[in-house]
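Note sheet for the following structure.
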């Protein structure tokens, strides 16, 4: 057993876990930081790099890239540790938002435009919507809730990089998000992204702790967004579905075709669907998105005991407006919190309790990989029925 | 033909335009940067310098000064590329706002105090009010519009300095302003200030591009503000006027005397007038402000096809409160956008369309220079009548 | 008479006051700065140090510590020059807020959650609530006033450190806070904290100047917050009281026991009391807080001509929620400004007038020191009656 020495300016801790000893770096304050497999002695090549942006509303934003040899993941620690995009060969997970800058939260007022300030920086592949609340803006219990909560606009207060000493030499990127307001909320979330050199998947394990002495409502949506080359006319989503319903009246017309996508469509705007998924005995389930030919795709694995519902956001408007689909495991749908209590989708976390959320994102490169995951979907669905509910769960003119 | 080498830390591009080859520097990230004629080989002396401010709400604000040998222009890239002031001998364009700091947008919430957050940093000689909207705060189409839009609180995402290789060796300062919000707006504005060494004038050429795939309303006011030594008791504004009307009931009493100014006047607050100007056949027109003796002045040249109206803001309150007049060519007056649609002053920019705005600001030092521009005003006005409309265009108690 | 030379990077001024010559350092821009008695030649040891924080919402926050040999004071220049905590031996002035970060104002929108954004950074021992207004959020004169004004979220625009040349070699930390909004307010406050090496007390002298040409309302509360080891079950507050009344209906039940404190109490939330204090002939008065055994305490001395009222905030909820009491000399109580005009607690400051506020905070270590200050309280109270007013001064369901 040995501890690694660090050649860069990050701090070093020696972590003894059950199985591995790891080199850990606190890179919270690093404006330029690089770590490669050569620094820690591993054979499997990887490179982790943190830089800082300048100019416009990007000023001071930290960008962290993890290249594991076969896949490059770009994280934005200043924006809630969100994942900007993932690239692997000719597959990109992510989308082309009209918002081009990685916007620093310091420039944003989330209450702008009736609570839509969040949209001023929305361009990531994976955004945590939570943890105090999620969903559409609007008043709940006399307070204006802004779109999709505040986690995405919470700069990480600590960013730690760990590389396991033993095979498979997993890389862990951990970030601490604090949602604290005297008397109102005291949430700490340790986000974690783990990736193994040479493997085309990554895991998310977030742990929310209610550090307050009283119970508190919480919500989270893992707003995961995809476009070309996976999304195109004829692209398909596969998921084991117990019930699917339109988010609002406008989405009714697309209910029958929920599984397939249109190409970029002028004036389409967005159709949203609410899905109650089936899962296996352990609660594990997944959603798969693949291109028309089923040669490229991605799968999100999650657990319904942690994240009981799945939002499906079909935003197949023009390319320039942001042609994108959101596949969104969550505790909740995208309605304002005030509508979700009756749906039993506003859980409570007890004082000092912890809630864990695990997701695995896989890149599916090739017909075989896609088929394999589609088959997993089918095996979970089995002979169970899918209910297409014609009416939205929540009534409202402007939902 | 030769390209210049750069001795400073800015980046170099070789730009071949129709007439000149230019040295271009990307100074977006430069905290201290200097360029003089010696760096690029020109004989006519100039100095361009960028620095960064610290302390209070100025923290991180970039200040860019252009000294062209006879005139020093101070720009604030962090505040929408606005012009803080222009100095030439004993003439200053600008004013003494009670707001002393160059306020960084990161500290400001524009929705503060019913949409008046903009006033927390207002102290410039020329502020772009736009481009998504302009005018007084208030609700329009269910959304709170904050005072005078967001451009002034948009830090430039790129700042480029270009010096032409050939005579007259013009200096161009270009800044990119992005107003982007997913689904709502996707405006890019390239602002440009051009100045020729040795000449007491500068040109603004802004180009707004609607990068969205749908048409969008836009508005802009070039809020240009002047005080001593041009503004004083008996100072005068000259402009070819088709119709002038009071902005609100309070301004009615000053309508007859719209062309002349009071000295600092306790309790005066402000009177605002709406002007429809005359222009020449090409649409060119101007406004002139000069001191009582007509020995010092300034002229703004603009084109009514781009900027059809002129706002006149007479804020001749005490010196300490900010004794100032605004002479404001625009697409619109200063009413809330909701009032201006009926006045046909809320134009639309098509998808991917561009709108150009050209203004020339001249320093008039001496009776001859003033007279020359006043004569231009007279020649445009000619025998055409000026209508003094007694009632405001828009009715409202608190306008 | 000699002037000191400076070994650090701060600027030097030679200040000739009536009694002393001082070395003055402008440390506004210093990210790391240290001054000790050795730098200025004094024998009595002290150390002053400024650093800058990184990570999360602390990014860019300056922290200034003053160690005078027997006491360490931590100030936060970026947060209105507020005092985070004071430590001396086993006595700490301050509290353990659930808010752990020193939050940079650039991340905060004070209007959030109906005007409660202020709570997102509240963790200091002494916070200035003012100067434009103070008190609970809510509408006044058509404008939303946010909780406790803006001073705490105003980064100091200048920070000056002065060390007197002559005995007792007092250290002065001065910070300039600007509350400026065109047409609305033009307040400058020079805050000053003074401390003498070797002495367990410090003085605050703030000077508010209305730099505007018109009179303006102002308010301030010196929100001074204490917890363990002074606060505990049986801890006591002593003050000469003319009248005390409950802030709201909930506080009525604790009126009789206003002088003593509970230990951490689940579900207690907060009880607030409004005190009109007695003072001596010069207007001087004080409040003392001490532990159950009266062996540890602190005293705040202030003057009722400057600060006529005293707020008492008993927030003896659980430790984790922030077990704390606020002892708050002020111009005003904590009601929204709209309620305080009728109470004659919204004073006006004339154009260019100055208002001074003097407070002295003493650490009382030992029974003797506590008794001495309690006796001062008793001597001011004398035979004068204390009225326990049963009903709140202001009626309202949600106060």
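To keep things simple, chains are lettered A, B and C as they appear, and every chain counts its residues starting from 1.
Definition applied: a residue touches a chain if its C-beta (ideal position, glycine included) is under 8 Å from a C-beta of that chain, and two chains touch if they have at least 3 such contacts.
What you see is a predicted model, and the numbers here were worked out from it, not measured in a lab.
**Student:** Based on which chains are in contact, what kind of graph results: line, ring, star, complete or other?
**Tutor:** Looks like everything touches everything, fully connected.
**Student:** Can you give the rotation angle that fits chain A onto its twin chain B by Cα atoms, in degrees and rounded to the nearest 5?
**Tutor:** Answer in degrees: 120, to the nearest 5.
**Student:** So how far apart, in whole Å, are chain B and chain C when each is placed at the average of its C-alpha atoms?
**Tutor:** 43
**Student:** At least two other chains touched by the same residue of chain B: list those residues.
**Tutor:** Touching at least two other chains: 106, 109, 111.
**Student:** Touching chain A in the complex: which residues of chain B?
**Tutor:** Interface residues on chain B, with respect to chain A: 28-29, 60, 105-106, 109-111, 142-144, 154-159, 176, 178, 180-184, 186, 211-214, 351.
**Student:** Once bound in the complex, which stretches of chain A touch chain B?
**Tutor:** 54-59, 97-101, 104, 106-107, 109, 111-114, 116, 119-120, 122-123, 266, 269, 317-322
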